[in-house]
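Shared between the two complexes below is chain A, which has chain B as its partner in the first and chain C in the second.
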Partner chain A sequence: MLLRHTSADVMERSALTINPAKTCQPIGAMYAALGVHNCLPHSHGSQGCCSYHRSTLTRHYKEPVMAATSSFTEGAAVFGGQANLLAAISNIFALYNPDVIAIHTTCLSETIGDDMVQVIAKAKSEGKVPEGKHVIHANTPSYVGSHVTGFANMTKALVKYFAETSGHRNRQVNILPGWVEPSDMRELRRLARVMGVHVNMYPDTSDVLDAPHTGEHEFFPRGGSTVAEIRHSGDAMSTLALGPFASEPAARALEEKCEVPAEVLDLPIGLLATDRFIDGLRHRAGVRVPAPITDDRGRLVDLISDMHQYFYRKRVALFGDPDQLAPLAEFLVTMDMRPVYIVTGTPGKRFETRIRDLVADAVPEVQVRQGAQADMFLLHQWIKREGVDLLIGNSYGKYIARDENIPFVRFGFPILDRVGHSYFPNVGYAGAMRLAEKILNAFMDRQDREAKEEAFELTM
Partner chain B sequence: MELDINKVRDELLGAAPKKLARKRAEQIVVNKPSEDGSTPEIKANVRTTPGAITQRGCTYAGCKGVVIGPTRDILSITHGPIGCGFYSWLTRRNQTRPATDDDANYITYCLSTDMQDEQIVFGGEKKLRAAIEEAYALFKPKAIAIFSTCPVGLIGDDVHAVAKDMKEKLGINVFGFSCEGYKGVSQSAGHHIANNQLFRHVVGTNETPRPEKFKINLLGEYNIGGDAFVLEELFERCGVTLVSTFSGNSTYDAFANSHMADLNCVMCHRSINYVAEMMEKKFGIPWMKVNFIGAEGTAKSLRRIAEYFGDAELTARVEEVISEEMTEVLRTQFEVRARCEGKTAMLFVGGSRAHHYQMLFSEIGIKTVAAGYEFAHRDDYEGRRVLPTIKVDADSRNIEELEVEVDATRYRPRKGPGELVQLEAANIEFKDYVGMMSEMEEGALVVDDIYHYETERLIQELKPDIFCAGIKEKFAVQKAGIPCKQLHSYDYGGPYAGFQGAVNFYKEIDRMVNTRVLKYARAPWQESSASAEAEAVAV
Partner chain C sequence: MHILEERQRQVHRKGSEPFDLDCNKQSAAGSVSQRACVFCGSRVVLYPIADALHLVHGPIGCASYTWDIRGALSSGPQLHRNSFCTDLKELDVIQGGEKKLHKALTQLIVEHQPKAAFVYSTCIVGVIGDDVEAVCRQISAEQGIPVLPVHSEGFKGTKRDGYRAACEALLKLVGTGDPSGVSKASINILGDFNLAGEVWMIRKYYERMGLEVTATITGDGRVDDIRRAHGAALNLVQCSGSMMHLAKVMKDRYGIPFRKVSYFGIEDMSQALYDTAAHFAGVVPGIQERTVELVRGELQYILPEIAEYRKRLAGKKAAIYVGGAFKAFSLVRALRHLGMDTVMVGSQTGLKEDYEELRELCDEGAIIVDDSNPLELSSFLSERQVDLFIGGVKERPIAYKLGIGFCDHNHERKLALAGFEGMLNFAREVYGTVASPVWRLTPRGSAREAAPCR
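The block that comes next holds the complex of A and B.
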């Protein structure tokens, strides 16, 4: 047994996190910054932070993830990191020539109290920031929130630094996509295009973290939202913020700064959340939903109804990030499945409330937890007490799935041992069909593997 | 060739701003080994330039991730915000094999105090104590190790005092590591800190006698992809007893009992030479550098171990094993060589791997044109002969050097001075490592702590057939059309150590340098834009 020391006896813990269902802020800030065109993320802290974040993102995407670090040594930890950051800014512009350096802080520089606003101003006054180039920052202390908070903070920083009002409203709708995959961002753009809605979306990691192989490495791939696009988001007629944890802070900042009214929606994962997104886009842009989208929806409903027997009443355990888990749990209920255990390490009471709103009527026994001790160790203990038919979560779930012999669907971040997430979306009706297909395959592969010979089915 | 390589070096230096170029001039060197084994001087183990994009990680990674992480029954708790524990959770592929289903194995667990802003403001010792108690209640381990992350040093938590209290309270061994990420200039400082604490708190605490005849420890072998399993089996077949491996597939008890060995064999010199040195001083165990990467190196290392023990039967068994293994090795070498001969490689990785893996490449006719280490010191490049001339800078001075004395009761020189001289005369070097550069060709480029822009230019200039580095470099290199082999994680393959590992590696490199897919980067209609245009006009 790989997790041989995990028992069914749940002991309440107050200090120890075991097998976390979250990581720290800076990696989210790095991911968000990669969704800006010609932008180099910069980690203001020790080298290890940057190395760990780049490694994890690279393992997840199998793509280059470029980012720089302030390379703190003991001296910098004692005297502050200003000198390191000023040197880094000079070197980055000289060596890599980005349009934007997006600095995020770390637990180290936050504990020291390095003042990013002051250092950036100093860099500018010393002529270290070339004309037309930008240095922006987000405070991302690792001891607050989670990786999702870091994504939210960097997205908000994009608003704070770049969004402007020209005085003329345009016909665009802003989409803040939240922490989703490049494939999802591409799909959101496609849906908007099919609906005839002009959208301005950021950050956008498509064509950055799913760049084609051409025989040449582009240090800055062609994707990413441009500074000009982010600037113009202040002129949009409205904003759809997808995922309250990742996108609401930026949406509210844009509302405040440029008076662009915002609507916060769940990520469009599953049938009903996609309905709300499409409907939201329809209302915001004043368009009709074209038939191909309604047809896609119909195909999804058709698939679920065709295969309903395999979904019905299956008990599911989920772990991951709140913005994903809420619509995912709702989708499972839509298919008459029973999401019974749900944990996220990302703190926030409203997550529990949202899950109960979406799930509790259909699944009154649902157990949901968030925060430090809402970890995979606890989830595994719950599973040991009363088993489930399916586990959904990131690659770390494979250890539980193997020990308990539970079908496992990889979903969330990070996925280190399978490909597909960067190419095939989970959002929209097409994404929901992919999810439903994966769930079915997990059940059916198991049935095929374990069925008695006489009960081995050709047609399923 | 030499002229060209000097031009390439100038090109690399010319790409940097002046101040940076001056610094890099001392870290980018064209190799020229002399007859006596000396080499040009290279600057190493110095600060990375902020913003340059380095391969390097931090001290915590070197301590927890590299040295202590592979030990399955020490319960590791990361004291800090959640990230450090999360990223070092199962990501280094240290395989481990408990003897029975009931033996402890904590490798799959990530334990953290998940420090919050409240602890940053008011201190984290209370939470650390509570976390240790909770961990003990749940896991009942025989030892707990605490790893400090950056904020711990700044807020002044005394992890060692907490460890001492907890040791008394719980009656198990509890020890801490002050391996905050900002210490030193790379992972290397973390290796040293790990070595110190292992030596101070664990080595020599188990006096169970070992009756076997030929007892060794293997130091600096981390069982990536099962390397240590291959070597364990090899030693067993030769009749050599492996008391402890630092730290692949290792256990707490084996560390504690490791002073019963009669020889320390050092694989990764950079990460573990401190333990070898300290064990020699305290217990009288000699150490020698070995290299089990490459069939030739493996055979040579086995023979040296046999010579050390000077036992005819052992020597015979070793020769038998070597000849048994070499049949397949030579057959595969011959087959693979036909497709690989004349190709070129670059290796930028680690503290020893960039050296060791050159041997494997040369066994299939691949020449190393450029190499460098991520976190090594001058002695890993130029050999230990330069140790007395290495200037200790402020960053290194901050890393503790343990004062080790001869153990009054347990010091037992394994060989008399005469025997050592005799062995040395027979070409067994003790306490020595010749370094990478003396074994590299003249005119090869050596780059310490390579920066990303240098990697890109080097690839353009020298167009190697294969590049070896880590996960952060892999896909940038491959996007440029050059296969990149990860030598930290082995691309989830391996083992590559020993004879069987060599065979695996030859086949893997054959696969990579001869892959078809990289030839398909361009679509047919992209092949020649001029003729395509002409065609379009004609239509």
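The block that comes next holds the complex of A and C.
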């Protein structure tokens, strides 16, 4: 029992987080910046931050992850990090020659009060930023919000620094995909293409963090949204922002800056949320839903109907990020399952409201917690009080799954012990089929493993 | 390839120039350094102590990224595999985090009854001015266990400084226990972290020689053992970068001699046991004979299979980039045993004398590099037509992208690589990756197949 120290008695904790269901802002900012073409993320803080983020992203994607750091010293912590950052900007353009340096701050540089706007202006006035190159920033103090907040802040920074209006509206729909996998971003583009909708999507980590083997180590892989694309998003006729936590701030900023009307949707995970996404595209672009999409949906319904007896009434615990959890919980209800415990470390009361909107009718007993102390220790305590049939979440769920012998489906960030998430999407109807398949496999593998000889069945 | 001017003296090619490698300095701002921070150093060194509480005082990130990060195994308690954090918020940054720290510590100690507690300071704790020392003292008095502040603010240096901060914390434990009953023939194992159960293997060798192991610091470590570690007769220090400070102070304070050892590779492993046996020759009758016997038995078991790999690996080229330089010495020797040449070797935090020794060890033309980065590394790998790269998490995908075999000699090793059995595992792993058919599917592999010889 690796978590033998977890007791069933839930105690009040106000000063302590145990086994967090979140991490800090900068890694989200780094991930978002990797979705910009020829962009080098830059961590303005100690070396360790950058190293941890690169290691975690590398473990999750099995890809090289490039990012630079200001390498704070004791002197920088006392006198401010301006000198380090100015030197860093010069060195980065000299050595790596990116189109964009995307700076995110850290708890250290925020606490000592470094002013990014002023430092970037100084770098420009001193000629450290070559013609046609860009230095942008997002404030991402680690003591506010979570990794999701960091992603949202960097995406918003892309709008603030780059989006422009030329005065001519084009026929494009912007998609802000939220914090999803490269595979998901690729699938969102595919769905739009099949629908016949011209989309402008950013950030986009496909072909960056799922790059094919070419025999080269591409310091800047070929993927990522270009600065020109982000600039033109100011001319689009509308924006679909997927995931309120990760994408709404950028969508609102774009609305304000360039008057591009925005609609905020759940991530298209599961049948109903994908319906809303498809419907959103249809409405915004004024197109009809083509047969291949309707067929995809039909196949999903077919799969669920074929196997619905196995989903019926199963109790599920889930943890992870709010934008994923809301549509996932809804999808479980669609399949007649019961998401009973839902936990995210990302703060925001509207998460709980959204979950209750989506599932409380079907699952009135649902327990939801978000923010500080909404951690995996609490989730485990709930499970110990009354068990579940399935656990869904990132790799850190494996301790609970093992101790309590619960079937476990890996979903979310980070996944450190399996592959597939960067290649096979979870969004859209096809993604929902994959999720349903994984859930079924988890149940059935367990049944096959644990069934008594006389109860062992060939056909299921 | 362009190397920053301020970094040019951190790269040396053996034979091409007089040796004057620059090292042990801050990374250039803006470089994609592979280095980590002070906190990282302290955390990896201390967290294997399994019956202690490890509390990270700071915002959540530092606790998340180091949650059970290293695979340090415990034969008993598993408290160290949880992640405890004060999870500081904006208000705490303004008002200070001392109250929160006090509350968190009290709650955890009451709930889990650990033998000791380590409190890790992260960057902002050093800036907002929390008196962690005072809180620890107070809790220690209230709860009756040692509560040890670890001064590991990330910006206060490199990982190496984190090792030192960890040693300082350990030094507050050592000497507080009762050493009576500790045998005259006893040792402490320093600097092995029990990745993949390595400390269990090493411990068994020493026990078979007739020695008693007082404390393993810190792999599969226990607080009470560390408290009476000053009763042991000899400290055996592996990974000297992390634990040398502890050994030196224990020598000054308690008169315990130490020896540097390495458990990687046949030569180094055998040497470690022979040296230790020689040290105890007058104290433990028959220890040298037993050691010779032990080594012979182990070698008999592993050598035939290793010889097979050696035949197939002869002449292949290897590159090494690791955290501490000390590990690199053993790796160069172990690779030589497999018939392989090391053509590039570097470390994140090596010292001048380390690089000097590496230069001695390597053949003409070898590249020696301090605090390198992905751009340099991939260009060295390509330039020297390497068949195998040995490194850590961030280096692995670079090797694979180039179509080169890789072996993780850091947190992510899954098989024990230390000891005699570990050498066999190492040989299998190296052969498995160098000879993998997947490389034939890559551009580099096809180019090699097209060329009749190289």
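Of note:
The working rule: the second predicted complex is superposed on the first by the 460 of 460 C-alpha atoms of A that agree within 3 Å, B and C clash if a C-alpha of one lies under 4 Å from a C-alpha of the other, contacts with A are read in each partner's own complex, and residues count from 1 in each chain.
As a working rule, contacts are C-beta pairs under 8 Å (C-beta built on N, C-alpha and C of every residue); 3 or more make two chains touch, one makes a residue touch a chain.
This one's a predicted model, so the numbers in the text were calculated from it and none came from an experiment.
Look at chain A after the overlay: chain B and chain C clash there. Once chain A of one complex is fitted onto chain A of the other, the partner contacts of A:52 extend to both chain B and chain C. Using the contact criterion defined above for the overlaid structures, shared-chain residue A:131 touches neither chain B nor chain C, since it reaches no partner. Look at A:453: by the touch rule set out above, it reaches neither chain B nor chain C. Chain A residues in contact with chain B (one complex) as well as with chain C (other complex) are 1-5, 11, 13-20, 22-27, 42, 45-49, 51-56, 58-59, 62-74, 76-77, 84-85, 87-92, 94-96, 106-108, 111-112, 141-144, 146, 213-219, 345, 372, 377, 396, 399. Across the complex, chain C is touched by residues 1-5, 7, 11, 13-20, 22-27, 40, 42, 45-56, 58-59, 62-74, 76-77, 84-85, 87-92, 94-96, 106-108, 111-112, 141-144, 146, 213-219, 345, 372-373, 377, 396, 399 of chain A.
The touching residues of chain C, when paired with chain A in their complex, are 2, 4, 26-40, 58-67, 78-79, 81-90, 92-93, 99-101, 103-104, 107-108, 111-112, 122-124, 126-128, 153-158, 374-375, 378, 393-394, 396-398, 400-403, 442-444. Residues 15-17, 20, 47-61, 77, 80-91, 101, 104-106, 108-117, 119-120, 127-131, 134-135, 137-139, 149-151, 153-155, 180-186, 394-395, 398, 451-453, 456, 470-472, 474-481, 518, 521-522 of chain B touch chain A in their complex. Of all the residues in chain A, the ones that touch chain B in their complex are 1-5, 11, 13-20, 22-27, 42, 45-49, 51-56, 58-59, 62-77, 84-85, 87-92, 94-96, 106-108, 110-112, 141-144, 146, 211, 213-219, 345, 372, 377, 396, 399.
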